[in-house]
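You will see chain A twice below: alongside chain B first, and alongside chain C after that.
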Partner chain A sequence: MEQLLGYVVVGLATGSTYAVIGLGIALVYQVSGIINFAQGDFVMLGGLTYAVAAESGAHPVAAAAIALTVTAGCGAALHLFVLSPARDAGHDRLIVLTIGASILIQGLALLVFGADQHFAGSFGGEHQFQAFGISISAQYLWCAAVAAAAATAVWALLTRSQSGRAMRALAADRETARLMGIAPLRTGLIALVIAAVLAAIGGIVLAPIQPPDATAGVPLGLKGFTAAVLGGLTSPLGAIAGGLLVGVVEAVVTGLVSSGYRDAVVYGLLVAVLLVRPGGLLVAAVRERV
Partner chain B sequence: MARLRPFAGYLVLAAGLLLVPAVFTRVPFYTMSTAVLMVLLAIGALGLVPLTGLARQVSIGQAAFYGIGGYTSALLSTRAGLDPWWGLLAGAALAAAVAWSLGTVIFRAQGHYLSLATLAFGLALAAVVNELPATGRNAGLSGLPPLHVFGVSLTGDLPIYWLGAGLLLIGTVAVHLLVRSQLGSALTAAGDSPVAAAAAGIDIAALRRTAFVVSAVLASVAGSGYAHWFRYVDPSMLGLLNSVQLLIIITVGGRESVWGAPLGAFTVVTLTEVVRGRLPGSGAEAELTAYGIVLVLSLLVLPRGLAGLPAALRRRAGAR
Partner chain C sequence: MTDAGLLRLSGLVAGYGRIEALHGVDLAVGAGEVVCLIGRNGAGKTTLLKTVAGLIRSTAGQVRLRGQDITGRSVPWRTRAGVSLVPEGRRVFAPLSVHDNLLLGGYGRSRRAITAALAEVYARFPRLAERRRQTAGTLSGGEQQMLAIGRALMSAPTVILLDEPSLGLAPLVVTEVEDIIAGLAGAEAGVLLVEQNAAVAFRVASRGYLMERGRITTSGPSATLRGDARVRSAYLGADPATGELHR
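Coming up: the complex of A and B.
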């Protein structure tokens, strides 16, 4: 029983990173109406670039800066060269485009970084602390702290800045927002870059715990989707709560059952939520218009 | 003229399928096993024409149905000792049942949940198959008997190719009839404007579910064919790359037309072989990169795929 509490703590910490990944997915979906299947690959790209830079001797802060820049640039490129040219396309084509971008990023990462895992040390050295009968790496605290800071920054951006207001306006009423002079493409670009940065942050703080390789993006992206869908895909707070839930379920299943079924349970959770409450667990069931 | 055109298309397809063995055994690059792969993938991709091309619903989990077909065939023929054809039929029935149940619930909600649900369902199924002792865990199941026709068992690439080509022709006719039927028009309407279609009294959810079931059955048949050809199944059959490959095939070939499936399968398998064989030191990384570039470029430059190329050229010529 005591161990269970330990797993919950670990789950909440890893879940906080899934929360920021999911936050990026929900943000892009709200602003542009696009389900961005490349979000998981942004996580991979951020984590892998960070680990590779750290391995080659860069200071962790410098490595993180490089990783954030690379991933943000990749997000901007996705919007400018792939999504913007197809802005008149239907949602189905946009979805397939992000899938194409996702495998392209994965392939390029394999070409550049190879197929091997890369290792980065924990922030501020290896520390373990004992809690609830299990030993927990201090990196989990970093995960939770950084994720909380990132989520707070996004909240401040959405409520306090001009482009944040533009994003919320587009999410609330696309046509009216356009009439009021908000440029959907430019705002969409900002949203996608923010999503990429959030993904990279998730990837960087997770890198010391789950050493990334070029194929790490799909499962991490799926956990972000599960987080976002649990929260109803439209609510930033819901995505955060969803991420925490995914982390806890994952940690408890791994700890109590087996790590083999971990992925099956997390993906099964997404299927179950989509089947039972496609509007999200935390949102009152709303019949969407067609 | 418009009435003649499908027959012309069938003639070209049949002639192409008939010529493949003669050509592929004489040129250095293609082999009969690539030809088998092409027809099987074309059968699997065919089902995406009504679903993705007409109803505009994206499935990223077709490999799950491919795997359901393959594993049902494997389990029934090796464990239960049933005739391979029963395995193929049972796999198709199971795939249809799964797609029907999944579709019943998922299409209640509007939006783009199918892509998420199929992605998660496919990965969950792959993870379960990888763990269950009954499905042989990550080692898979081996020792499948070959399919047979009129008492002749189909071993080797050429007989399997003829069977696959026959199934592809039948599948093309069936999907073509579906596309040109009233159901096909309704699917197109629901894809173009769900609001208008719903206002016209069309039950969009039931329509999308029908298209999803058709796609699942065709993917399952392709999976069973693959299993009895390879005589072996493993969890990589259900891998995400297989789902994405079918999506690339129908996108590159042209998702709004039945001819897109064979065109796309030919193009994508050729591309895979080129990348694997011709680029120095290449493996999965070059393949993924090539797939990504082709998928993005074809969507941006040729949204109707290769099958839409003649119409696009004609329009351009007319505009001048």
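Coming up: the complex of A and C.
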């Protein structure tokens, strides 16, 4: 029982990174109506760039800055060169384009970084602490703290800035938002860059725990997607709750059963939620047309 | 007729895809006046307002604002130039607070301009000030209409386009909204009012246009229009003798 609590703590910490990844997916979906399947590859790109830069001797802060810049640039490029030119294609085709972008980013990462895993040290050195009878790396605390800070920053942006209000307005009523003089494309670009930054943050804090390689993106993206869908895709808070749930389920299954079942259980959860409560996706689709 | 140099439409043609809804519309609104545009459902009134606001691209003809051709301009450009549409059904941002709705009305303006406009709107509509933290979706219909108008005023518009502001409101509230509309036209601002309720339209507007199937078929002072046979037939709806039906 005590161990279970330990797994929950680990799960909440990992889950907080899935939460920010999922928050990015929900944000882009709300603003542009697109599910960005390249989000996981942004996570990979951020984590891998960070690990490679750290391995080659860069200060962790500098390595993080490089990783954030590269990933944000990649997010901007996805919007400017892929999604914007194809904006009249309809949301389903744009979603397919993000899958294409995902494959492309993965291929480019293979070319640039090779197929090997890369290792980054824990923030502030290796520390372990004992809680509920298991030993937990201090990096998990970093995960939770950084993710909480990132989520708070997004919340402040959405509620306190005109750009954030514009995003919420687009989510609520696209045509009327345009009437206010809000440019959907420009705001969509901002949302995608924020999503890419959130993904990179997730990738960076996860890098010391799960050493990234070029193929690490897809499973992480699917976890973020699961998080966003569990939350109904329409609410940032829902995505955060969904991410924490995915993390806890994953950690408890790994701890009590086997890590082999981990992904199966997480995606089983996704399928179960879609079957039992398809409300998430469907409600959003209807709302959007109003 | 007043000097109608504020907004002038000439030969305006627009529609949705291949379906043409406006077949060459001429219309003018001057500063200081409320002009109504009346007609049946489907006559093209909403299309006209959306075309002036820039939401629908015109395929021929011109929209002039204070003499300047704005036909090809984007929605944000027109908003900044002073064109503001209060859409049918009010379309407030329901999940956002009253305050956030108003701030969005000033989107793209400087912080100082927004603060000043906000003070004006709250002074004009004290009820919105009382409810500034409430989400817009929880307001009554009349309050939502106030908010939609207040939100439009946040961009300091000179051309205010109102689409069916009385729709779905209780009679007492309609009177309140009439007073608000009458107060919108000022030294520099004019109002173009689309209204199903002819009584409301003729009480508020000094003159008006009748639109039928995408064309202006008659225009003149409200008093004259009120007695016009075509206006009567348009508003009394289906005339069994002619077999004409509402769309």
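The definition used in the following text is that the second predicted complex is superposed on the first by the 279 of 290 C-alpha atoms of A that agree within 3 Å, B and C clash if a C-alpha of one lies under 4 Å from a C-alpha of the other, contacts with A are read in each partner's own complex, and residues count from 1 in each chain.
Rule of thumb we're sticking to: a residue touches a chain if its C-beta (ideal position, glycine included) is under 8 Å from a C-beta of that chain, and two chains touch if they have at least 3 such contacts.
Every value quoted in this text rests on a predicted model; they were computed, and no experiment measured them.
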Could you look at A:Arg165 and tell me whether it touches chain B, chain C, both or neither (first, second, both, neither)?
-> second
Most chain A residues touched (candidates chain B, chain C) | B
Touching partner for A:Pro60 - first (chain B), second (chain C), both, neither = neither
Once the structures are superposed on A, label A:Ala86 by its partner contacts, choosing first (chain B), second (chain C), both or neither.
-> first
Now for A:Leu108: first (chain B), second (chain C), both, or neither, which partner does it touch?
-> first
When the two structures are overlaid on chain A, which partner does A:Asp173 contact: first (chain B), second (chain C), both, or neither?
-> second
Given the touch rule stated above, what does A:Ile95 touch, chain B (first), chain C (second), both, or neither?
-> first
Have a look at where A:Tyr267 lands relative to chain B and chain C in the superposition and call it first, second, both or neither.
-> first
Considering only touches as defined above, state whether A:Gly181 meets chain B (first), chain C (second), both or neither.
-> second
Across the two complexes, what residues of chain A are contacted by chain B and by chain C?
-> none
Chain A contact footprint on chain B (complex, rising order) | 52, 56-58, 60, 102, 105-106, 108-113, 115-117, 119-121, 123-124, 127-128, 130-131, 194-195, 198, 204, 240, 244, 247-248, 251, 284-293, 295-296, 299-300, 303
Interface residues, chain C side, partner chain A - complex = 53, 55, 75-76, 79-80, 84-85, 87, 91, 93-96, 100, 103-105, 107-108, 151, 155
Per the touch rule, the chain A residues reaching chain C in their complex are 159, 162, 165-166, 168-169, 172-173, 175-183
Interfacial residue positions of chain A with respect to chain B in the complex | 35, 37, 82, 85-86, 89-93, 95-97, 99-108, 110-111, 115, 214, 218-219, 222, 225-226, 229, 260-261, 263-264, 267-268, 270-271, 274-276, 278-279, 288-290
